[in-house]
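Sending over a structure as structure tokens; questions will come in a sec.
Chains: A, B, C and D, in written order; residue numbering restarts at 1 for each.
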């Protein structure tokens, strides 16, 4: 059972508190810090938090707490995290870890230097669907992972500072792409080095400096690709989808807009529907368990269980640092209009990984390219001669039901 | 924080323990009772339960526990529940409460006589989607509820005793229909009296005496209908769907087979996929969070929070009794081939409820039956003269976008 | 190539003309009859129909046409069909054939007496999905058909006469149930006799005499059940779904609201969206090919190809008569609150059909009730001793991937 | 009514004939040419084609035909199309038009020089869903189009020559990307110039030289992006999806794997399921009307109606040429790892198009960035000061239901 100093009182702070205080969990937010004392008081009263303050150091150094959760705007992470580490507190920091890899690296070094427990609060790597899919991928259910697509698009963030490039470190990529990048890393394998990034980003809709739409490709050493698609101008709610393409299988996850909950209302829904929902009449798509579906429940279970067990959590500050390095390369690629290398002076995974290779032999001389049942009931094989490279068709009538 | 005597070591006992011991919850199963000492030991070892026994009274009367959870086969509920009540323990009993209303009534009377806390563990009324949908319905989002359909179908239950009518009290209706009936009651309103039942049931596939397929209609005093559809011969997994039709809206819930998790595997999934899943290759539809999606998490949160707060839980033994009375009428209807009244000597809801009525006036003389946009862009109104009853069409060209 | 007298100028007449005149088909509507000369002229001008009239006999007896299509309100079918048959024209009549079995039987006798070609225009039995599913069912893909559910619900019909019980012959059952009943007959087998019907119907929402919501069960001689669900008060568009439950498989068809076309519009769709669509903003679900998806294209292909080939179409007047007989029993069941026999003095299918039976032997002494993979990786068999009737569990650890 | 020389007897030739000869259409394939006389004879016998030949010139110059349809492998298009144009026949050529823009340009010049009618058989731009969505987009239903994603992935093509880069002109991009590129052009506007392309392609799975996986971004002059995703190694069938993101709306089209037809079979489907389907047991996703859903029906209706009316079809050889030019840039981008300009010496669209711009004023001083309903029921506005650029939050409690 832990007592927590929660830094930040925005939407994320609220979601974190909802998750922590729900379902009879023992760990409690003990004190809330907000830059605005009013907001700190409001959050405290609403969620039964005994103390609040607008003094950051007071919150971090509260002698009754042993855990600091940083849910502050991006530009305030470093100061808070370093202070918490130096205070000897376990530190849990929201995503993205830094505005860039340099910041992230300093935070990583701070927690490693002080030896405190540190968890990277990358909730979308902890959704129940993602956890289940990861188990399947690790068991080999889809074969070798070739291409992971992850998408987060919605009509734009909920706080002013997100829209300011200086405070947030960028636009939709730093806000949403950090999720997508780390989801793909999990499926491809965190020990496989991200090599280079190609990225398009543009400011299509909003009168801001940062990109409000972007897509990026991260190429890993084994040839696999992690694709992120992000937007602050999507209409219709929040589109949270992940896809894994493997040599032997496929996974499609839809976390938000199409999860088996359809509601039509002619008169209109008077209340909150779901995060980033748009519209209040007609067909709406609520989410049953928001904190669970966003991964908050399993994320905190992992973080506190790991803290208690003295083991690192599934998502570490090192992971946050790698994500920031990939994002740095993405921003460089937008500018240079070329692929950009991922600069990772600290690399803790495998090296000299071979390129994905698949060999399906048909017979001694031929590789099998493809087998398909045709509309006329015959089966067509496409074979490639191993030496000449010639490709041939072979039609077969297989016995029924094979 | 409570210590629990868990009676039963089957699939339900295992799911209950998974839910209770997950996510850092404080309440723990302290002792497991099973008719088989081997199974009791196995469950205890797997889930960290400190004690086990094959002596029912020892489990119930363990001085270290204050809560008894009954997860036994249906024919053993009454004895266990009455003993637990007499031991002064809080009693949580799995569904269905009894094999029939007479058993259920005796259990209800036992907990009311002894004054112990009692919860009816009707998990599917606690799924996050159901809870969210109930909030919307209670806010009026879909208008007046007219027709609730609830379906649970799968390839058949997982334990021998279910297939024996004497032990279970029936077939698919008592096993699955109890969920559907109570889901519909929640949406229609628990204070509205169920009046009569029409039911079809047949043994279509399995060499058993009990029905393996059934559909029933429960007519409530206000004219609303609760429909349950159950099957032990469905192919393709477990189909768990609920629908609410209201005067102003519609809700469709899909809890299991189509929840935004699609997986294709050519090689095959080697591990467990989801409860009642069939097949291990091709397109599979896993569930991310099984215990959450089945309602176990929210059910135990409600039960223990209610126990701590000294208030009744959302699902009470009285609810279980009403469900049993409806099921009794359903079985009678199969036999008599007519609608059968629901016999409810104990009725605690409203009386003299009026029939649902909707009045949409078009003008002083006409009621509006319908308005529809036609393919040619005109809008057609169907009006009914209030006195003559004559129905007329009226075509209108509305301004764009109205 | 045929020239057609089209009787009726309502929504159905328009859909028929759209289908007939689309995709370079050779058969043309030559003359349109409407009770209102204005509507006849309007339809003719819009769709390039060379002639129109408000005189029924002139349309039927037009010497240039060889085919009469009846798309009139239900109470006008009999007169028009009999006149067309007596004029020696091929007759295609929309659904339902009659307002009741007596009318339908007289129409059947008229076309058989005169020997003209006759087709029952039951479009929803001809949707591409239905045709494809029927092929699969007939090949045995889902095993023996046990239970067919068919649903058509929407916010109510588009013409005044539908709402008048005298003109239409009833309410939602005669309007929509006729589709559902015949869809189920196709899947169960048209040669299997419908034996009895249980039906609930009620007027829940609209100020009319006829039922606006109903559900009925048709029990066939082999034990299979055809279920129809109909409503004139559904909110959210038109819900057209069919389901087939077989001993070895399952089919789910969704024809309208969820077919892979999702559109969100904040500003609003200014034009027609789909038949019976509600709302013009937010999430909308258009249909790509309405006439195709409703079966009109394949229906007319079958009717005219059959006419040319001198063979009966897939849907005949006899089928229409059987459907009317089932509907008659459904209305009787609503009144009597009991199952009602289907009165079919003319029966052209099989007799003495045996009840569906399935036998899956496990070994000499046991029948296999069920096999399921459990969360712990073991496989559980449920077996029933053939003589004693005792049901037992047997746990097995199967080799991986079996 | 036209008589057709069909060149080619592969899967596409078969699908074309199925579409042309279905639904009582008047236009008939008169002669089939195949390089293999056996395959020509087989196709002719199966589909009632009166003549066949293995002599290309005989087929093209058959005096009884006025239309030549080219369904040959890519490397044979140019010769056949030029010969048909010189023979004065109307020419319909399958996709892609050429293996590269140079070939496509010579074909374009041939039909323009001879003045024959020419149609580019880009079927996926004619699916009923696409046509319907295009109407909506052109009406402004989704506002300004920002980003179009189009995906075609499956387990690989059905004929040997596709796998040979020399014959086909490339790999998955030339095979599948040509569809996606033209779909995006339709939604973005064919008059908007494609400026540059960034593309990743790799050979991840098959032992071939060409790319079996690729993704490309086409940037248009107004800033809109057309994204194509293609794969020859997708597992689970054929994934055909298009998405349109606009300033005011969203469109999601699923043409193949999730269209409202789900079938589970334990025993297995013995027959053909759908193009590129994988597996025959478990959950299968057939398509009701394959030729319709792939756009063949509407494509030929447009081509022949346009030919009869003396107007160009919706998809012209010029469109095919533009698509080839974009593909050329994509292949160059894979090599150079940078954005590559689209080389279009012949440009017939608009010039000097402005960048997409959206301005939503909140008041005289502020632009509205975003409005969102928060979980606590308040509404949050994000505003940006027009001059200072400062972004602020403003919380509002709106009256209910606004």
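Everything below uses one rule, namely that contacts are C-beta pairs under 8 Å (C-beta built on N, C-alpha and C of every residue); 3 or more make two chains touch, one makes a residue touch a chain.
Keep in mind the model is a prediction, meaning the values are calculated, not measured.
Student: Residue numbers at the subunit A-subunit D interface: does the shared fraction exceed half, giving same, or fall under half, giving different?
Tutor: Comparing the two copies, subunit A and subunit D contact each other through largely the same residue numbers, since over half are shared.
Student: For the two copies subunit B and subunit D, what is the rotation angle that overlays their Cα atoms, in steps of 5 degrees?
Tutor: Resulting rotation angle: about 180 degrees.
Student: Centroid from C-alpha atoms only, then distance subunit B to subunit D, rounded to Å. What do you get?
Tutor: So the centre of subunit B lies 47 Å away from the centre of subunit D.
Student: For subunit B and subunit C, let me know how many angstrom lie between their CA-based centres, rounded off.
Tutor: That pair's centroid distance is 32 Å.
Student: Suppose each chain is reduced to the average of its Cα coordinates; what separation in Å results between subunit C and subunit D?
Tutor: 35
Student: At which residue positions does subunit D touch at least two other chains?
Tutor: Touching at least two other chains: 142, 235-236, 248-250, 264-268, 270-271.
Student: Subunit C touches which residues of subunit B in the complex?
Tutor: Touch list, subunit B to subunit C: 11, 14, 46, 142-143, 146-147, 153, 155-161, 163-164, 198, 200, 202, 204-209, 213, 215, 217, 219, 223-225, 227, 231, 233-236, 245-250, 267-268, 270-273, 275-277, 280, 337-339, 356, 358-359, 367, 369-370, 372-377, 380, 382, 384, 386, 389, 391-393, 400-401.
Student: Show which residues of subunit D lie in contact with subunit C when the two form their complex.
Tutor: Touch list, subunit D to subunit C: 22-27, 127-133, 135-136, 139-143, 248-255, 258-271, 286-289, 292, 297-298, 301, 304-305.
Student: Hey, which residues of subunit D end up touching subunit B in the complex?
Tutor: Going through subunit D, the ones touching subunit B are 235-237, 264-266, 278-279, 281-285.
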